[in-house]
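As structure tokens, here come the structures.
In the two assemblies presented below, subunit A is common to both, partnered first by subunit B and then by subunit C.
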Partner chain A sequence: MIMWNYIARRLFMMIPVLFGITIITFIVIHLAPGSPTDIVAQAGPKVSFEARERLTKLYGLDQPLHIQYLNWLKRFIKLDFGSSFKDDRPVMEKILERLPATLFLEGLSLFLIFLIAIPVGVLSAARQYSIFDKFTTILVFIGVSVPSFWLALLLMISFGVKLNWLPISGMRSIGSEYLPIWARTIDYTKHLIMPVFVSAFGGIASLSRYTRAGMLEAIRQDYIRTARAKGLSENVVIYKHALRNALLPVITIVGFSIPGLIGGSFIIETIFAWPGMGRLGYLAIMERDYPLIMGVGAVAAFLTLLGNLVADILYAWADPRVRYK
Partner chain B sequence: MEKLLEVKDLRTYFYTDDGIIKAVDGVDFSLDEGETLGLVGESGCGKSVTALSIMNLVPSPGKIVEGKIYFKGRNLLNLDEEETRKIRGNEISMIFQDPFTSLNPVFTIGEQIKEAIEVHSSGRACSATKSSKLDHYSSGPPVCLSQTSGGATKEQVFNRVVELLKLVELPFPEQYYRYYPHQLSGGMQQRAMIAMALSGNPSLLIADEPTTALDVTIQTQIIKLLQRLQARLNMSIILVTHNLGIVDEIAKSVIVMYLGRIMEYTSTEDLFKNPTHPYTQGLLNAIPGVHSESKEVPRLYVIPGTIGSPLNLPKACRFYPRCEKRMKICLQEEPPLKEVATNHLVRCWLA
Partner chain C sequence: MWRRFKKNKLAVGGAIIVVIFFIISLLTPILSSHEPNAQNLLERLAPPSARHLFGTDELGRDVFSRILWGSRISLKVGFVAVGIFIFIGTLLGAISGYYGGWIDNFIMRLVDIMLCFPDFFLILMVIAVLEPNINYVMAVIGLVSWTGVARLVRAEFLKLKKQEFVEAARASGLSDMRIIFRHILPNAIAPVLIAATLGVASAILVESGLSFLGLGVQPPTPSWGNILTSGKDYLLHGAWWLSVFPGLAIFITVLSYNLLGEGLRDAMDPRLK
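Let's look at the complex of A and B:
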């Protein structure tokens, strides 16, 4: 019961934050040089001044900025994101058709980050200064230092172009829908490997470091000495008593890492031509498609806040000291 | 009579980057069954390290470099990891200074006690004398955990936990089973720690400053509890403490340590009546007395200086730099631990 109250309160508190995010996004995109009409004008140099004026009026860009924002907000409250400048399709529809691809890619990356980073972090803490620990330290250093776009290009050149093992772009091959189910699955998986790997790479590096630090911190605590004094085996001491405590801060870090994943999706999806929301957002920015940018921004902000909320709930679930407050 | 515990020439050193710290440097003592031994001295004297050495739980970079620790005739330092674990928390248990940090925050009290029972429930011989000790006091069925090869049933373990919680005089033991450490007060946390330590019916309980983190009224409660438990369970206690008042209350004999060495080792009665080492005298003088309001309160005695760096030990007598009765010889040669009276050992040239 207390938990539901807490969740409701947190959801309610998301409203002002979301409001603030949309204001900032709105200001920033209007501060950026260029306007949607420029794109149209570039398409045909003969487009007359009057035609541009007409478009400006049509989009409502002739009005003062705060009126424009209020107009947007009025529609947003009714969950109407407006229509794209580019093809006049509803923004909501455009986002919803792209969102699953992004959630799938990022969900898989997040899963992979957990699956690899936590065991690696725990093992390198349990065997601090061992060969394994030193080796992973170097890998982690590389992992956090290498920019993801560069890694993506490198992988595309080696595995895509030179070796020709993996497709370099898209989500499936052309005509794959005519293949039998197993062949389709293989085709789909092949397309996934590089984007997921690049997306997870930095996350694995940093999360394994956090896990290692959390573990080393936990191992130094008094209750570990108590556990040993009970006569428990070293395995139980480390993997039960220390691990459970070490994972608490990791939950918080996962909450923080969700914005990073969403931000990263803009780059990774663009490089790999992944038909997701990130790429949609990138193209919208390039085309100054204001309603679409605002829509993508609002959805990304909502997902981030939701991720943080989930992390907080998980934290309360995992840590009895928070739960009983 | 065979001694329960005999420590011979124990040396535990810490190999730090700055040099070797001789935390415990040649300590000998012994303990009878049911006896309580007080281990006193200032912080950094090697009391806790002595205690941890008996448990073989000296933290890295510390190492027991020499010595023998005979427990029921077996040298604990010759046992392998597996055999050591069978003794830890079972025949020899330990409780610590700060019960709050010593309990794992994410498991309930019950779970943590249960774990201590379960880890020792298989492969332990259930001698009639051991199990009968508790039977008079427990309301539940006697738990002799290793009779069946598969260990105890869930219900048996639960009952045993409840029985232990009752033993340490926690009210509503069934309820406390489900509590997390942070939901308990300091005194209750320490009781839970004691319950955990008693789960294996230990012959020896090592209490490392069990009351230092607690307030004064709770201190007395815990000490009284330990006394009652000792009488019931006939266990020996090694009590590490700063508090000479507590020693006077429950210990039969006392060791005064200074910088890794035993300075004075005698019966409690003797120590208070006839303190011989200048360090012991200093410690006793530093206890605040009770004065009536009308009289002027005398200034409390302080041993001059602070405990020196264990990295840079005085060449001869380790107490020399702070001693008010120092002589020339104290700088040239370290005094031996001399028997000045029956069972009264003192390491001082004056003795």
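Let's look at the complex of A and C:
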């Protein structure tokens, strides 16, 4: 019951934030000098004055700004972001067909991040100042400082061009749909390796640092001294008592890493020509396809909000103290 | 504190590299061997040699000289963007923490909203809608990245405003502004300094990412990010030097600011050591 109250309260708190997201998206687009109809007109210089008038009416650009916003908001609630300037297809349709590729890539990266970072962080805290700890500390600094697109380029040069082991772009090879299932799986996996590795790289570094700090703090608590005083073995103390408490805040990191992953997907998908939402957003930006830019921005923000909500709920589920606050 | 910092070899190394790169960017006109924009179509895509230390790009321009000139851009973007976001973040965080109540609530909701947008996409969106140039890049990075500092400063203010010296200042009839900026803020400066150092690293990363995508510093002005764009375009030609060297410059710079920032944190807050 308390849990439901908590979720309801969190959902309620999301309303002003959602509202803010729509306002920011709207304002950003209206920073643009000139009118969006200029862009459409650019596509075909022969677009007549009448046609531009019609477009202005269609997009409601002759209305005052706050009316435009309210109209846009009404459609936004129905998840209708209008249609792309480029090919006139509904924005939502274009995003939805690309979203699975992004979620797949980022989901795998997130999984890899947790799989590697947590054991590394825990081990280096348990053996603070050991060679392993010092080594991982240096690796962590490298991990958070390497620009992801540079790492991608280096991997593409060495494994793609020089060694020719891995494909450097796309999700599958041309003609792969005619291959038998096992060959197709190998083909897809090969295409996945570099993008997943690059997008997980920075996350692994920061999460393992975070886990290490959490562990070190947990080890310093009174209940650890109590556990040691009881004569429990060091392994039980660290891997049972300390670990459980240290992992609690790690849950919230799921929420925080989502904006980073989505933000990174714009660069990574562009480099690897991965057919996901990030690349779609990048192309939309390059083509000034405003409805599509707004759509991608709103969906990205919404996914982040959702990630935060899930993280908060998980946290409340794992730590009863939070529910009563 | 200084002694603790000196013991941290990684941090001292970071500090030294930061200073060296700073000097290099000041001495760029003397150090660079060629005009950064001088084209030489006879020497297109030449590999590194004694004449062209880091090789040449697709227009025959000397990559070494372009990287040197690029260091000025990167540092400029780093420092200006950080200046902007530290200013906004400190101001809003201080007001939020000191006054509390509805104004605190309002500012913190604003922070929540900003945190929902992937930073990089928000910056990308704004830059694309305006026009890509270095001034917008600096301004937008600054305007988007202040949330962390605001939270930090707010937390410090919440802690400090209950202390006696603040009570004393208030009792002696000082104005709020004076208490905030002259009495509380100097005590909250340590975390801000750390955030600023780490902020330079991330601003340089963001700028190079934007320039790499063609949405940051525009050619022919050299920047580390836009040299890497040529690196990507001429990847299949085997022109590895166009990717390796500018990336290395970004990496070493960002790494040294991160080391310095973390070293400062450890020195000022020794709990985790």
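Operating definition for what follows: the second predicted complex is superposed on the first by the 282 of 325 C-alpha atoms of A that agree within 3 Å, B and C clash if a C-alpha of one lies under 4 Å from a C-alpha of the other, contacts with A are read in each partner's own complex, and residues count from 1 in each chain.
The criterion applied here is as follows: a residue touches a chain if its C-beta (ideal position, glycine included) is under 8 Å from a C-beta of that chain, and two chains touch if they have at least 3 such contacts.
Just so it is clear, the structure is predicted and the values come from calculations on it, not from any experiment.
**Student:** So if we stack both complexes on subunit A, do subunit B and subunit C clash, or do they fit?
**Tutor:** They fit side by side.
**Student:** If we overlay the two complexes on their shared chain A, which of subunit B and subunit C does A:Ile174 touch? Say first, second, both or neither.
**Tutor:** A:Ile174 sits against neither subunit B nor subunit C.
**Student:** Which partner chains sit in contact with A:Ile77 here, subunit B, subunit C, both or neither? Use first/second/both/neither.
**Tutor:** So A:Ile77 meets neither subunit B nor subunit C here.
**Student:** So after the superposition, what angle do subunit B and subunit C open up at subunit A's Cα centre, nearest 10 degrees?
**Tutor:** 80
**Student:** In the superposed arrangement, which partner chain does A:Gln221 touch: subunit B (first), subunit C (second), both, or neither?
**Tutor:** first
**Student:** Regarding the shared-chain residue A:Val17, is it in contact with subunit B (first), subunit C (second), both, or neither?
**Tutor:** So A:Val17 only meets subunit C here.
**Student:** Is A:His241 in contact with subunit B, with subunit C, with both, or with neither (first, second, both, neither)?
**Tutor:** first
**Student:** Count the residues of subunit A touched by subunit B and by subunit C, then name the partner with the higher count.
**Tutor:** Subunit A has more residues touched by C than by the other partner.
**Student:** For A:Ile131, decide between first (touching subunit B), second (touching subunit C), both and neither.
**Tutor:** Neither subunit B nor subunit C is touched by A:Ile131.
**Student:** With both complexes overlaid on chain A, does A:Ile142 touch subunit B (first), subunit C (second), both or neither?
**Tutor:** Second partner only.
**Student:** Would you check which partner chain A:Val161 touches, where first means subunit B only, second means subunit C only, and both and neither mean what they say?
**Tutor:** In the superposition, A:Val161 touches subunit C alone.
**Student:** Upon superposition of the two complexes, what minimum C-alpha distance (Å) separates subunit B from subunit C?
**Tutor:** In this superposition, no C-alpha atom of subunit B lies closer than 11 Å to one of subunit C.
**Student:** Of all residues in subunit A, which touch subunit C in the complex?
**Tutor:** Within the complex, subunit A contacts subunit C at residues 16-17, 20-21, 24, 28-29, 31-33, 137-138, 141-142, 144-150, 153-154, 156-157, 161, 168, 213, 216-217, 259-260, 262-264, 266-267, 270-271, 281-282, 285-286, 288, 293, 296-297, 300-301, 304-305, 308.
**Student:** Subunit A touches which residues of subunit B in the complex?
**Tutor:** It comes out as residues 55, 57, 59, 81, 85-90, 93-94, 96, 98, 101-108, 115-116, 119-120, 180, 182-183, 193, 196, 200.
**Student:** Looking at the complex, which residues from subunit A come into contact with subunit B?
**Tutor:** Going by the criterion above, the answer is residues 221-223, 225-234, 236, 241, 244-245, 248, 318-321, 324.
**Student:** Mind pulling up the subunit C residues that touch subunit A in the complex?
**Tutor:** Residues 10, 109-110, 112-122, 124-126, 128-130, 201, 205, 208-209, 212-215, 228, 231-232, 235-236, 238, 240, 243-244, 247, 250-251, 254-255, 258-259, 262, 272 of subunit C touch subunit A in their complex.
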